[in-house]
Amino acid sequence: MIKRIGILTGGGDCPGLNAVIRASVKSALFHYNWEVYGIVDGFDGLIQPDKIFKMDANSIRGILPKGGTILGTSNRGNPFKYPVKEEGRIVVKDRSDEILKNILKLELDGLIVIGGDGSLNIAFQLYKKGANIVGVPKTIDNDLAKTDYTFGFYTAVNTATDAIDKLHTTAESHHRIIIVEVMGRDTGWIALNSGIAGGADIILIPEIPFDVDKIINKINERNSKGSHFSIIVIAEGAFEKGKDKTYLEKAKNEGTLPRYGGISNYLAMVLSKKTEMEIRTTILGHIQRGGTPTAFDRILASRFGVEVCDLIARKKFGYMVALSGNNIVSIPIEESISQQKFVDPYGQLIETARKLQISMGD
Amino acid sequence: MIKRIGILTGGGDCPGLNAVIRASVKSALFHYNWEVYGIVDGFDGLIQPDKIFKMDANSIRGILPKGGTILGTSNRGNPFKYPVKEEGRIVVKDRSDEILKNILKLELDGLIVIGGDGSLNIAFQLYKKGANIVGVPKTIDNDLAKTDYTFGFYTAVNTATDAIDKLHTTAESHHRIIIVEVMGRDTGWIALNSGIAGGADIILIPEIPFDVDKIINKINERNSKGSHFSIIVIAEGAFEKGKDKTYLEKAKNEGTLPRYGGISNYLAMVLSKKTEMEIRTTILGHIQRGGTPTAFDRILASRFGVEVCDLIARKKFGYMVALSGNNIVSIPIEESISQQKFVDPYGQLIETARKLQISMGD
Amino acid sequence: MIKRIGILTGGGDCPGLNAVIRASVKSALFHYNWEVYGIVDGFDGLIQPDKIFKMDANSIRGILPKGGTILGTSNRGNPFKYPVKEEGRIVVKDRSDEILKNILKLELDGLIVIGGDGSLNIAFQLYKKGANIVGVPKTIDNDLAKTDYTFGFYTAVNTATDAIDKLHTTAESHHRIIIVEVMGRDTGWIALNSGIAGGADIILIPEIPFDVDKIINKINERNSKGSHFSIIVIAEGAFEKGKDKTYLEKAKNEGTLPRYGGISNYLAMVLSKKTEMEIRTTILGHIQRGGTPTAFDRILASRFGVEVCDLIARKKFGYMVALSGNNIVSIPIEESISQQKFVDPYGQLIETARKLQISMGD
Amino acid sequence: MIKRIGILTGGGDCPGLNAVIRASVKSALFHYNWEVYGIVDGFDGLIQPDKIFKMDANSIRGILPKGGTILGTSNRGNPFKYPVKEEGRIVVKDRSDEILKNILKLELDGLIVIGGDGSLNIAFQLYKKGANIVGVPKTIDNDLAKTDYTFGFYTAVNTATDAIDKLHTTAESHHRIIIVEVMGRDTGWIALNSGIAGGADIILIPEIPFDVDKIINKINERNSKGSHFSIIVIAEGAFEKGKDKTYLEKAKNEGTLPRYGGISNYLAMVLSKKTEMEIRTTILGHIQRGGTPTAFDRILASRFGVEVCDLIARKKFGYMVALSGNNIVSIPIEESISQQKFVDPYGQLIETARKLQISMGD
């Protein structure tokens, strides 16, 4: 029988983490009458368990609308390859056994891991070694497989859309090309969705290699029709993870690659050689990972938080919660971490973007 | 072959209407090379067609983030039962034939009707009489059957959640019961979702008859645990459409029913007899129908707008677009209008609410 | 020499209270090296001093953007006329001596009172009896004399403006009269400012008695020019505190006055007799007192919080901080509480409103 | 007697421009019964007057809450030094006489110029040559002399504050240094105000030369007290316009200066050599110039727009409107453009920042 559980958050920030924590703690404490222990700073908190604390109603008071995570996240990385200083050098050690020992010592009958691809991978390995782990998928990038959406994604899309809205009137009044760089190292979900929502003219994503001349064509076509401005939304990985790295390799060879700052500045440089229009860039950065979650994300996070306790109650260890249509379902963690969810270049959403006269730069 | 289409909006306001119009007009004009006619003020615009205008790129400039509808909606109601003044009295006439005639006269090969239950019903009847109609479902209440979500709903939920957030700190600092009245005459979707997202303590919806004593119990239980405040979210139809009308009927008999203003004031009166805590009410009203749509709603609306043109291109008249999981699909209009989508009192979302220690008043 | 101070908040909620507390505590602890005691629940906390706590950096962590007050406010009212149950009846007692005794017992060398007209009055009386009190003016209504602005006011105006924005598109698309009821029992500051900012057509405030026929004239004039909608912003006190109470008295005599709910519903009823247009009302209520303060209010509150400590350091007891132009100044509490700040019916702001074609209903 | 006026906007974008235009047009058309001509694209529109149009109520419908300017702004710059292509080369010509001629030809009795330092300078020179010009000051930077505030400034501060809020939780949860780069080439108004409002730990402005070691000290001091994160707000001109250019010159000499992207990336590089903490940067860019104006800015802009018409009516040409305390006043344009308004390093606001334990890097 379950008596006591632990909960931790791992990886980058994501709006809704606190909403998951709150929901899990509420359900665990008041529905299931379990004890709940908060593990501080991700898996680190199970290696050095001095900061673990017993959670009660006060621990979660007022956190629903707050960004960040009251539990903190790991700084040092993978416990299976944990960086340790030895004789002045950094070496890597497997400290996973310490985690298992501490779980036993704390008498945790279940451990909730809220994390992205990396944390869920660690969770799965710990599960295989015997830990009673259940998972909650987390990424603002929305690129985790086997769940329709992850919490935090739509908040990030809203933040980016709001920024595009603000840039739109300036672009129009002042006849400018404005480039907005959004998150997405491997996938274009935020760029594609915020681009459609914000009425972008050009969207550049890692899944669709782009051609700078096609971008210039689109800008010129717009000018010729009386729209003397263009909004470009670019995913941060659109160059590097784009299938066609021509521009990036050329830039590296030519030594024109910027050493600091976002890739949008590089795009601005490339475009500025082919147009006389003024160009401005905005790099949203971590504001996409913060802020109060939208209602959609709060609800999804709350549902995840409640349902993951049910997984523990049913002893479905090694599983994680996921959204499928309108339902929260459970899937083996292994299935989600073995693949990444990409934008389908021939799918309905891209087709919609094209029919809206958005250029994908190809 | 399709050469020319019309587009109209019917019924109450809903964030995202302009996003649908924009998407349909863009796809029709630039992807399909059709002519597009804007029908002003809903079906009225097809009875008195003097305000119909040809739409171009300028017609839709800058409307994506705007609430309302640039096409206006009908004031006078159902063309099959059209109110007409005759000899000083209002009589009802069937003017549907005039609509059919005007569609012919305008040489519209297809007509997009964006509307709720009422407008889609009219659309279906006109379709049966021969009009080439396709539909886009619209309701902030989210109670249309056969589509997972309608655009506008999550914007309304966000607006209500934002209001609850604002009320939360006051309730807590000032030890109050605060009642927030949200839209939902027949169904509790907005109340339930904004209540979960805003961290409400009590949610009252038409689908679950409530008992005032249970509400008082919950408030007292919270007080005894040191939470000297409670947030109640009530759907406007929670009394009248609630299965148990005891309170309302009693109030009518006793003459204590308020003649003007929201039902939340009545709830405040009823509660004030059973607690000494101070009570405040907020009636959000039409601010739930306005404002810039969230990214989610803009994307959904844009997808609907594009896909409904594809229905015309494929001559799937009598059909409407709908969201199923992540896909836009098409369904017969008839299937959607024949039923209403209620919150399942035993479904996953209600179960989640209860595990979050939210009282449903029962 | 000052060694130890106390701080309390009194009266209704107001965005920025926490920002004042944070600034005072920061300056007191780290600039002046004083001890700081948080008095819980306003003056009540000095009558029953069991909840007083020593404040440190952790006490104020994360509170800058939060609405409400971490110190709570008084529930029971004036310590000079304190309601006490005696033999089953409520009688009123002067308990101010207990407050003075507790200030001595706690060895407070200074006491910061953040409050409105009522709390500052109490503060002034306590000061006259010997308490080392300094004040911070607080009201969302902006009707305190001797300070250009109070924190919280512009946040309330922003909240009301945002609501008017959301209602605007609906009013326009759906040809409606929409009435927005905002706070302001005695003065029209919020109504006037949010009305100008939101582009209202008619603004009704207590300082200018209105005439329903003039309102109808304005609505009809707008209709005749093609604007088939009107937005009315009404201060909650526009009827009752309006110099001309004709309508209200008539309503009372006729028994048509609503028993529950806002005065806007009454206005709707009155107008509905003279126009065929559809009318909707929104009663914003306490959402105007909540939410994160705007930057303007956070800065003003932070400045007040810092400067009020300087008053203590300089032993300017009996004084309060105030905004004059761009400077924070100090004035005797007595000067501010002896009068109320009204909108000047012949002042520049009203003249501006009229030149913007806004009807003041007169 | 005034019969006909023109209106133009010049320079960079600024929230509230449309609110000024709307107010001026409303007052001119309906209060003064003047004709109003919209000059498109700033002073360019008076050199090539083909896009000038007569404005009516429809011209300004719905623009109050919109960012940007419906009149566009100049692309080509100063008419006194107008760039013209001659024989393939760009030469500079004085085309101011053409502007005077076109003003005569259009029979404009007055011309409203809404613009910043640059546009007001041009306006003043044209006035000296005989043009009936009145001015409205405009800058998001708030660095125009002789007016307490300019519209747009607080909207920019709010946007920056909102970004800092979003970054705060991430910084705290993830133990990071986060640098936010805001606008302000010459002055630190936005940085200082948004830094105070957002609860920044370090604020770097052009008026106060900073020392990187002092920044590191502050970060280390925070770490030692358990705050393992710091928020730095930096004005874009803090390096270059800072009185101490040591770092920048050294960087130029060492070739480590970034060629593209904001100066915050350079600060990140410099700091990263002296701390092991992870650093992230956000460059807000033009989102500070867009978005719907706050209520404060809408009201200020509306007041400016109305009052500037009164200047025309009173034939106070060569004057501009300004805010002084709570009043709109008029001052000679010449007085404002002859100086810039800097943050006083020894003023009240800086003193407040320091008492709030904010390091100014010195």
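Letters A, B, C and D name the chains as they come in the text, with residue numbers starting at 1 for each one.
Heads up, the rule we're going with is that contacts are C-beta pairs under 8 Å (C-beta built on N, C-alpha and C of every residue); 3 or more make two chains touch, one makes a residue touch a chain.
Treat the numbers as computed from the prediction; the structure is a model and nothing was measured.
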item: Chain separated most widely from subunit B, comparing mean CA positions; value: D
item: Mean-CA-position distance for subunit C and subunit B (Å); value: 34
item: Cα-centroid distance, subunit B relative to subunit D, in whole angstrom; value: 41
item: Between subunit C and subunit D, centroid-to-centroid distance (C-alpha), Å; value: 31
item: Residues of subunit B touching at least two other chains; value: 165, 168, 172
item: Chain contact topology (line, ring, star, complete or other); value: ring
item: Listing of all chain pairs that touch each other, if any do; value: A-B, A-D, B-C, C-D
item: Subunit D residues within the subunit A interface of the complex; value: 12-13, 17, 66-70, 72-73, 75, 159, 162-163, 165-170, 172-175, 178, 258-262, 265-266, 268-269, 280-287, 289-291
item: Residues of subunit B that touch subunit A when the two form their complex; value: 23, 26-27, 30-31, 57, 62, 64-65, 148, 154, 157-158, 160-161, 165, 168, 172, 193-194, 196-199, 225, 292, 294-296, 298-299, 302-303, 306-307, 309, 324-328, 348-349, 352, 354-357
